[in-house]
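Naming follows writing order (A, B, C and D), and every chain is counted from residue 1.
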Amino acid sequence: MGYNLLVEKDLNKKLIRRLKIIEGQIRGLQRMVSDNKYCIDIITQTSAVKRSLSSIEDAILENHLDTCATKQMAAGNASKARKEILHVYKLKR
Amino acid sequence: MGYNLLVEKDLNKKLIRRLKIIEGQIRGLQRMVSDNKYCIDIITQTSAVKRSLSSIEDAILENHLDTCATKQMAAGNASKARKEILHVYKLKR
Amino acid sequence: MGYNLLVEKDLNKKLIRRLKIIEGQIRGLQRMVSDNKYCIDIITQTSAVKRSLSSIEDAILENHLDTCATKQMAAGNASKARKEILHVYKLKR
Amino acid sequence: MGYNLLVEKDLNKKLIRRLKIIEGQIRGLQRMVSDNKYCIDIITQTSAVKRSLSSIEDAILENHLDTCATKQMAAGNASKARKEILHVYKLKR
């Protein structure tokens, strides 16, 4: 099941833009490592990437709750919906 | 200040290999989003990328403690070394 | 709004038992600090307490999704339910 | 090995004060559970306790680096010091 069609286009564009920035940051990290950059600066950067990924997760869960989960509840699949929300909650760090 | 020359080459190669895998995962995430893949599967994947980045951070801090931090302590820069270790510890999630 | 009456009693008992263990661990931490115990051992213990609290959170969210959130959805309060699930997800570390 | 004697007294007092507040919060959580308080409010509170514990960990690691770890390095136990710092870093969430 995909995104709700009403919200999908704008959100997908935003998410892809943010994932492209992260892709650039990962390539930057590769350069930092091969240029022997300072360990502390590298960890500061990996940490920033992890925070960006977390904020993408927040946006995707928000969309999920507004669309997929709502439809699942309405369609009598509440148990699946609950299991999956709990799954991503436990994964979260 | 870069990595200790003795450990650098092998570790750098390993880290770059792992960062290239992560780069591939980020591009995979872009495809998942543009293909409207299921939200829960996307979050499961971002979560895996964050765990890979955390394990890279562990390896870099280990190297930092073994090389840079040790040299800083020996060179009378213990205060800088301590401040930086505390900095990455506070950043860690 | 409280717990669903069917699941409440057993879960509440279990949670209180676990919170009493945590209370004991917090008092143990106070003793460790006033006895000048080794810093690393203290941090290892605070970390264990945080993991216990996280696992209590998982159990409470599971119960919330099975009871309160389900009732809210059924009662037309889906928006409140979604907002609150997102809130605890963002809080999670 | 305990805290450095110069910093110990003040830091220990502060830490015990903060751990007593946390003990009170844990007892508050027990009351919230037995009073069937709202799940979301309980999780918000466990989350606050975890953040307080993290900030205690930061203070203890800072003290550790300033005292124990510095002494270990000076005494030729650098390897033990590094291993332990890495240990708490990996534990951190």
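Here is the rule we use: a residue touches a chain if its C-beta (ideal position, glycine included) is under 8 Å from a C-beta of that chain, and two chains touch if they have at least 3 such contacts.
Model, not experiment: these values are computed from the prediction.
Colleague: Using mean Cα positions as chain centres, tell me which chain lies farthest from chain A.
Modeller: Relative to chain A, the chain with the farthest C-alpha centre is D.
Colleague: With chain centres taken as the means of their Cα atoms, state the distance from chain C to chain D in Å.
Modeller: About 18 Å separates the centre of chain C from that of chain D.
Colleague: Report the inter-centroid distance (CA atoms only) between chain A and chain D in whole Å.
Modeller: Roughly 30 Å, centre to centre.
Colleague: Return the residues of chain A touching two or more other chains; collapse runs of consecutive numbers into ranges.
Modeller: Residues 61, 88, 92-93.
Colleague: Think of each chain as a node with edges to the chains it touches; is that a line, ring, star, complete or other?
Modeller: ring
Colleague: If I apply the definition of touch given earlier, which pairs of chains qualify?
Modeller: Taking the chains two at a time, the touching pairs are A-B, A-C, B-D, C-D.
Colleague: Considering the complex alone, what residue numbers of chain C touch chain A?
Modeller: 58, 61-62, 65-66, 69-70, 73, 78, 82, 85-86, 88-90, 92-93
Colleague: Taking the complex as given, what residues does chain A use to touch chain B?
Modeller: So the residues of chain A in touch with chain B come to 1-3, 8, 12, 15-16, 19-20, 22-23, 26-27, 29-30, 33-34, 36-40, 42-44, 46-47, 49-51, 53-54, 56-57, 60-61, 63-64, 68, 84, 87-88, 91-93.
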